[in-house]
Amino acid sequence: MSASGTVGKVKSAAEVVQGIPSGAHIALGGFAIARNVIAVVHELIRQQKRDLTISQGVVGLDTDLLVGAGLVKHLIMGGGSLDRFGPVPCVNRARETKSLVCEDYTSLSMCFRYLAGALGLSFIPIKSLIASEVLERLEAGAGAGDVQRMKCPFTGEEYVALRALTPDVSLVHVQVADREGNCQIDGPRWENEEQAKAGRRLIVVAEEIVSTEYIQRSPERTIIPGHRVEAVIHQPFGAVPTAVFRRYDYDAEHLRLYVEHAQEPKRYQEYLKKFVFDCRDHSEYLEKLGGAKRMEQLKADPVLGY
Amino acid sequence: MSSMQVSEGTKGKELVPGIRATEIMAAAGARELRDGEVVIVGLGLPEVATVLAKRTHAPRLAALLEVGVMNSVPKDTPVGLADSRIFYRATCWSGFLDVMGMNLHRGVVDAGFLGALELDRFGNINTTLLKQESGKVRYINGSAGGNDVASLAKRVMVIMRHEKRKLPLAVAHLTSPGFVGGRSRQELGLRGGGPWRVITDMAVLGFDSVTHSAALVSLHPGIRLEELIENTGFPLHIPKEVPATPLPTAEELRLLREEIDPKRVYLR
Amino acid sequence: MSSMQVSEGTKGKELVPGIRATEIMAAAGARELRDGEVVIVGLGLPEVATVLAKRTHAPRLAALLEVGVMNSVPKDTPVGLADSRIFYRATCWSGFLDVMGMNLHRGVVDAGFLGALELDRFGNINTTLLKQESGKVRYINGSAGGNDVASLAKRVMVIMRHEKRKLPLAVAHLTSPGFVGGRSRQELGLRGGGPWRVITDMAVLGFDSVTHSAALVSLHPGIRLEELIENTGFPLHIPKEVPATPLPTAEELRLLREEIDPKRVYLR
Amino acid sequence: MSASGTVGKVKSAAEVVQGIPSGAHIALGGFAIARNVIAVVHELIRQQKRDLTISQGVVGLDTDLLVGAGLVKHLIMGGGSLDRFGPVPCVNRARETKSLVCEDYTSLSMCFRYLAGALGLSFIPIKSLIASEVLERLEAGAGAGDVQRMKCPFTGEEYVALRALTPDVSLVHVQVADREGNCQIDGPRWENEEQAKAGRRLIVVAEEIVSTEYIQRSPERTIIPGHRVEAVIHQPFGAVPTAVFRRYDYDAEHLRLYVEHAQEPKRYQEYLKKFVFDCRDHSEYLEKLGGAKRMEQLKADPVLGY
């Protein structure tokens, strides 16, 4: 059912991923090790959705998992990192072995590309990128059709025009949503509003489903309105081992374990087998991480938010 | 973000008895900030320097993080910009569009702190990849906000370790522009003022106003000029009289050690 | 906003015994909306029509107000879009950039309701000024969101009073484009589908798919065709068989009278 | 003192207006009869700041007052209305007598012009205005230098490029601000975020001054961060007779009285004399409206917000 349907929007990750075709352009709303849509990423791997184009402001564990699993053919990104846990190992290896095409932008130019998409503009100008190898590589490579030097029609100032990004599917992990998809996000929102609204389809993963009355109590906090949302995946601890502010902290232990395995393709396959393929769903995965007891340890202090 | 991460390898190195290189770097960074300015900060020494400035001469410094966090007062040490620890007690949570668009691109950001894998004589920064001697490329992080800050902030400050291979004649990948090819920022079509200071564990560098190539501003106490030149991969303008980088004051040291980074997470 | 204000002058007029023109208009408006659609509404009859649709066949209609209000459920009758009464129990409060930029300009708004001082044969709308017979110009409101909705919504619906001077051959000021000069929207370079229905107190009008000029869709019960033609300032395509606008059902009338506008603020 | 100063930002309307020169471009954050910066507008009239350029998304009482007082030479607007109380009488009369230059835009094109200003872009494309007399009049008149037909460098689609608006001073009325200028707005925000951040200088009028700790409790609600704000005017009931959501309702009685006087230049001067010139400050004006007793009547119900 589309966003305009009358059937409920609350679905499982498996159902949602069944509706995402191989070859799709998926925009991910995570940032490094925060609010990654891990539940959906695992499902994309289990269902072996291939030849994906992934775009993301600052790629993190989510994209690294997909690239490591060999599902990504094209990556459009502003940067990448697992914060203190190091660079993104699978992404960097894939780039070094040239097994994926990569368009390197910057945080702001990615945000502007999403903004243009969200506003229905086919392009937007920017004053970054100029005089850098970032721009030269885009012009000479995969980004050739997406950047174009131009002048302001009023001032004559030089700009780089960026082509809008309108992903086939935008995915965002949020703290709360109601059954209609009205979403509220705690903490900073990086480029989530633009990335979400740029998508032709928008699917959210919510830690908690709240009533519409809850949303109506603070409508100024609704970052994504329900009518834009096609499906809501209700998945508590859906971003583990990445952090969700005010819900739980990143799982440092598991992130270290991930990085250790991801350094080496063979060990990475062991990781995927154990934590993805051998899990029927996210609950089984959480069990492997230590289940309820471990989740309790990761749970955020209500004052600190981590 | 990597482009703003803590500089490594200065662990515990004392330049003069009882004062670590990292402490001199933090104090030098703080002194580059003026009260009431708007600064885009990263984690590590830039954050430490900013907090030091706020607690001393610049109480009204506005400190922005690119993810959309302003003036946070972390209680625990964050591991990166995506770490919830850095959100604590902020006065504003917004996003990239606000911080990087409506502040940085708008032209109201006075200073930006960046890290670097490599920085060359014209202040160009590489945070994308390293080329090994075999010619093999190793990817690291990319730009994230680095290119944006380098392009648009009024002054760019880099805090990094002083090593010959990290300070080459030309960067292996020009991620974030300084005075590319020795040209002025205006010639390059860039709005921001470009690289202003490079604060290392040996010296503070600046850029010659005519040639736009790197110049020694001050040498840290305990570092010899020859040692500096030996460890720099590009020619440096050296002034006739080489000033010494001021040591942190007793009060600055107290703040750094007792209040700002008591666990020495960054002041290693 | 004026461009979306309540149509005046149909006060209490009953077209058939016991049913007011405004009630027929509201029901006709509601029937033009499909479940799950996104609609930009104004106050007055458009709001009444939208609520009626929501309570009958279209419970999942998303109703957006340009100031940044979604799906509000007013308890008291608002006087305009700037009236806090219209903010009550909304699911989202944002602003123009979200509603008009990230929804309307983004192309996800299915239908927009507009008001008009004048509307011409090609569905061009004037909300800016009136020209008196003396040639003197009287300014009224301007576009506000009217031009944006007319340019970008997939379907534009106008609810207005049926008067010859309000339906001239050509508007005195083309504020919001319909099929300008009889050209297609594509030729005009406009993304939205253009005018779809004009709902008056006499009839429902549409636009011929080839000539793009106004056509009669249905005549309200109790209105004679000659009367309609007499009160229309431009030639109308008239179908061979003229359908009658369906009267509101008993349930629609009950909802309108008992729940949606019991004080008859708009259903006058 | 500028925004970077160390002297307190909390000032009186009179002080602030002393710092606004005649001839300035002022962007107003009000909308029709909501959140108008009446306290500042009255002061601009008392101090007779002339030859102003005023820009506003949908002009309301605020602009009508300034135009009626003869202080505005150039108006840039997306529309205008006093809601049910009718059109803007002084603005429309001034247009009819050609005593001011007026650039007519639309809600979205005004918002985009502010957005461009706020983002530091000198222009932004839009798909409104095309094929309308709104565009033709701009091109043939005062807007000739601010609109320019152009094509998307990627798709060839036709756009209208709009020149960014960067007002000399942006004024916004908000419910709460702290002493540093961190502002939170209740209810919809129309184009306030863009209009505020487009300004070279930004001055806010706050119903209430709160502690920074209050701001820190819900930082996701900070629409305007303090470092952008030059001055905070603390003025309870500062927008009367227009409405401030969750604080007070519009004063229907006074709005009717206003419209009645504004129909006719001579009577309008009587209005100005009584409610502006003969009041030393906003408190005296509020007294004339009925003082504390009247304010108590206008005060919003805490659940309804009006």
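Observations, loosely collected:
Labels A, B, C and D are assigned to the chains in the order they are written; within every chain, residues are numbered from 1.
As a working rule, a residue touches a chain if its C-beta (ideal position, glycine included) is under 8 Å from a C-beta of that chain, and two chains touch if they have at least 3 such contacts.
For clarity, every value in this text was computed on a predicted model and none was experimentally measured.
Taking the definition of touch as given, a chain qualifies here only if it contacts subunit A and subunit C alike; those chains are D. Our note on geometry: subunit A versus subunit B, Cα centroid distance of 29 Å, whole angstroms.
With centres set at the average Cα position, the gap from subunit B to subunit C is 58 Å. The geometric centre of subunit B is 40 Å away from that of subunit D, both derived from CA atoms.
Across the assembly, subunit A contributes 120-121, 126-127, 157, 187, 189, 220 as residues in contact with two or more other chains.
In subunit B, the residues touching two or more other chains are 90, 93-94, 97, 101, 105, 152, 191. Chain contact topology: the protein chains form a pattern that is neither a line, a ring, a star nor a complete graph. Working note: touching chain pairs come out as A-B, A-C, A-D, B-D, C-D.
Contact residues on subunit D toward subunit B in their complex (touch as defined above): 2-6, 118-121, 178, 180, 182, 197, 212, 215-216, 219-220, 222, 225-228.
On the subunit D side of its complex with subunit A, the touching residues are 120-127, 145-146, 148, 150, 152-155, 157, 159, 161, 163, 185-187, 189, 220-221. Across the interface of their complex, subunit C is touched by residues 31-34, 57-58, 60, 77-81, 83-85, 87, 91-92, 95-96, 104-109, 111-112, 115, 126-134, 157-158, 187-194, 242-243, 245-246, 249-250, 300, 304-306 of subunit D. Contact residues on subunit C toward subunit D in their complex (touch as defined above): 1-3, 5, 65-69, 75-76, 79-85, 87-88, 90, 93-97, 100-101, 104-105, 128, 136-148, 151-152, 173-177, 180, 188-191. For subunit B in complex with subunit D, the residues that touch the partner chain are 35-38, 59-60, 62, 70, 89-94, 97-98, 101-103, 105-108, 152, 191.
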